[in-house]
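Next, two complexes with chain A in common: one pairs it with chain B, the other with chain C.
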Partner chain A sequence: MALRELSSLEKSLGLKKPKKYSTQGDNKVPVLQNNNGPSLTGLVTIATHLVQEANRSELLGSSAEQRALVQQWLEYRVTKLDNCPKEDIKTIFKDLNLYLEDKVYLAGNNFTLADTLMYYGIHHIMVDLAVQEKEKWANVTRWFDHVQHYPGVRHHLPPVVVLRNRFYPSGHH
Partner chain B sequence: MKLFLSKGNPHCVKVLAAAELAGIKCDISYVNHEERVVPYLSHAAVPALELPSGLHLFSANAICRFFFETGGRDPSSLTNQWLEWEATELQPTLSQALHLRALQGKGAESAAALLPPLSFLEQSLQKRATPFLCGDEVTVADIVLWGALYPVLSDSSFMTGERAQLGGWFERVSVLQPCQLAVGAVLSGKGVEPLKGYLQKQPLPHIQRRETQPSNQ
Partner chain C sequence: MATLYSPPDFWRSYPILISAQYSGAQITMVPSLPDFKGEDSQETDHLSKFPFRKVPAFEENGFQIQEATAIANYVAGDVLRGAGPQDQALVQQWVNLAEGEIIPSMTTWVYPIMGVAAYSDKACEKAKEVLLGVLSVLNQHLLPRTFLVGDTVTLADISVACALLLLFTQVMEPSMRQLYLNVTRWFCTCVHQPQFRTVLGDVILCKTASPGKLDGKPASTEIIKNQQQEVRSLSEVEVQQVEVHKQQEGVQQVEQQEQQVEQQQEEQQEQQQEQQQEQQQEDGLDPTEEAVAAEPKAKDPFASLPKSTFVLDEFKRTYSNEDTLTVALPYLWKKLDREGWSLWYSEYKYPSELGQVFMSCNLITGMFQRLDRLRKHAFASIALLGTDGDSSISGVWLLRGQQLAFELCEDWQADYESYSWRKLDPESEETCTLVREYLSWQGDFKHVGKSFNQAKIFK
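This part shows the complex of A and B:
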């Protein structure tokens, strides 16, 4: 799963030459093979490295504060979301929904790497959400829809249907 | 900036040491382990940092990283890799080991659980042969790993087998004044004893958690 994400990320960053990866351990942690130096291990570490290689450092945040927020949500993705027991998914949605109430993206008003990786990580849950649940978590659904329509992000994942009129009241658009 | 800490929480040792090392001045408040500092989180999240913008950082490692960056030290890929390893590999094992040792008195099982990550650290330090994890200078990775492992490595009975590199590295970080200051402010002694109150408020660690991870392959 992580390898497919990284390959999609490479494409969305416009990196031309596909990278070589392997996985490590029972948890299939991704490892980026590097001919010129030591390999890199871990989804967040590799994704951050790819963004730097593509000279898209704005995707890691444009200030120390925003960079810390981006890294915080990247860590959240691999520590909280990835290993989430079924009974805790509701809490994650509740918290995210409240957090995203006054934000367009996870680190504020700019799209960052945190949005891409959280989107990849939450996609399999969003696919199975009933319409009522999507309405209940309206801020998460709105954020998710923004990200899946962000140019070049979706790649290997099927689109999730969102009844836009319910999340974009006519008065605002 | 407002920094929220609680006594006996090893994550608070990390952030306080990082703030001191980077020379960042914060308005520090000590709160209970259950205090909900971050308005949008259902669970208590201490340490937490209220940023000038009003947003909160609730990840100890992100706070440490922010302090180092504000102090002018950007993390390298190697630093990032250690921070990710700490959060994804070490923490799940460590919280289980601390729980076993401090609350259930199962010292041997606790030491056995920690064997793989401690051996990995020992081998990595041996291979690199530098005083600190990422080179000749202390980085945010050293502070984060040192803070996480302080309750374990400061207790000599917890250490089994020969780990000369790990022991040497731990000493080098422990003697730094900001680290001594952080331990003195947050913990009331060595080993797992000062953590009991904190650990009792944490959800039960479960090691099989990875099996719930979905696979799309």
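This part shows the complex of A and C:
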């Protein structure tokens, strides 16, 4: 999965020449094979590298604070969200929903790599959510919908249908 | 070449300028109408390019438009108008809501609080009802949406955000924003977009509810009378100052163009007189002033100073988050770069004119707003000491450089002449006491002889 994600990221960054990847170990950690340098290991490392290669460093944050927040969410993606046991998904959604209550983007006031990678990472969960659940996690759903409509981001993933008019009466959360 | 006739930093022109940032339209600002002959004169009307005699007005190669929304629509690119007929109609819907519902009610509610219009109980209640209704609808609408229409910023967001600007900066203090979290999230995202920021600068949300702020309601009719007097004297002061500044500039203009604020007739007449004066004042700008006004952004007046080791933001954070006496003050004295920064004591020169406490508070917050661009280079705590009818305003300032910073930039001089200034010796015992009392909001304030009432922080 991580490999398709990275190639989508390449496309959304406008990188022309596709990279060569392999995977490592049981968890299929991605490895970027560099022709003229050491290979790079790990989703976050490689994604950060791609952003820099594309000269889009604003996606990593444009202030010290925003850069730290981007890193925080990239770390969250690989340590908390990936391989998360089913019973913990609810906690993750609860936390994210609260966090996104007063925010449009995960880090700062504009779109960053944190949004892209969190979107990629949470997509398989969102696909399976019922309409009612999407309404329950209204802030996550809004963020997700915004990111999937963000120019050039979606690529390999099917769109998730989000209704913007409520079906169920509010007040149960 | 496109020309926008509008005073600089006039909030009615913000949607136009922000739209231009998105579409890339090049606009030159000219501060007043070309053929304006004063409020009395009817003679030029039928000949005039702009018979409505309103700013903002717009002209491009002989093509003229009046009315802010029409101009914004013209200047906005296709992206801002919405994709497809449905989205375009929705954009129109929100723009109309901003013009027809939000702006009239917002001005009725906010202007009295800012001390630039008379307060009317009935009108204000009605306005609040309308606005809170609109905010609820917006809040619902924005729960599942990032922007008002579609997935990107449109003219709808620009219009509505600008219409709510004064509400967010003047009235909606944190607890009220809690009630409209989705609106607040959307508003903050909008004003942080680079295109908004270029025009609006840093938008500082309202920090605390001062008396009369949440409901804008003075206690008795007597106070209303006082307030009206206060309004008048404020306006007179402004007329005397050639300087025209941000918020009030916009406010006066709008009063000229829309007299929707319900007022007592007497008050209206007074205001009309003032407006004439102001308009004449404005028309009297000489070419140099016009050129200065047309310049996009002033240079940093502190650019020539050597870099300082004292990081103001860090101090402000420490002051806001930590205990003042045990952490923030020791931090200040330890880190303060005595060469790069100076401490000042200021006192309002005309304490006998201060009436109600909340009016004095507005005086202080108004000054802070006009000094907005100084925030990176200054910190102050200004205290109101005493009670209604027997009060004084004084405070301590931490300013970049050794000079009184207000002298560096004309924009900052609006209020400083109303204060006496004394430079403080950072090593002296007296300074230590003053700084402690004003920053911790406690102590005897012996030098004034009045007890602490409340204070505002400029940061």
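The working rule: the second predicted complex is superposed on the first by the 165 of 173 C-alpha atoms of A that agree within 3 Å, B and C clash if a C-alpha of one lies under 4 Å from a C-alpha of the other, contacts with A are read in each partner's own complex, and residues count from 1 in each chain.
Note that a contact is a pair of C-beta atoms (placed from the backbone, for glycine too) under 8 Å apart; a residue touches a chain by one contact, two chains touch by 3 or more.
Everything quoted here is computed from the prediction, not taken from an experiment.
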Contacts of A:117 with chain B and chain C, given as first, second, both or neither: neither
Partner chain(s) touched by A:13 [first = chain B, second = chain C, both, neither]: neither
Touching partner for A:149 - first (chain B), second (chain C), both, neither: second
First, second, both or neither for A:44, with chain B first and chain C second: first
Chain B or chain C, by number of chain A residues touched: B
Contacts of A:138 with chain B and chain C, given as first, second, both or neither: second
Touching partner for A:129 - first (chain B), second (chain C), both, neither: neither
Touched partner set for A:160, first chain B, second chain C, both or neither: neither
Doubly contacted residues of chain A, that is, touched by chain B and again by chain C: 101
Residues on chain B engaged by chain A in the complex (per definition of touch): 39-43, 51-53, 55, 57-59, 61-63, 65-66, 69-70, 77-78, 80-81, 83-85, 87-88, 91-92, 206, 209-210, 212-217
Residues on chain C engaged by chain A in the complex (per definition of touch): 143-146, 151, 181, 184-186, 188-189, 192-193
Footprint of chain B on chain A - complex, ascending: 1, 4, 26-27, 29, 38, 40-45, 48-49, 52, 64-65, 67-69, 71-72, 75-76, 78-79, 82-86, 91, 94-95, 98-99, 101, 108, 124
Complex contact set, residues of chain A against chain C: 101-105, 109-110, 138-139, 141-143, 145-146, 149-150, 162-164, 166
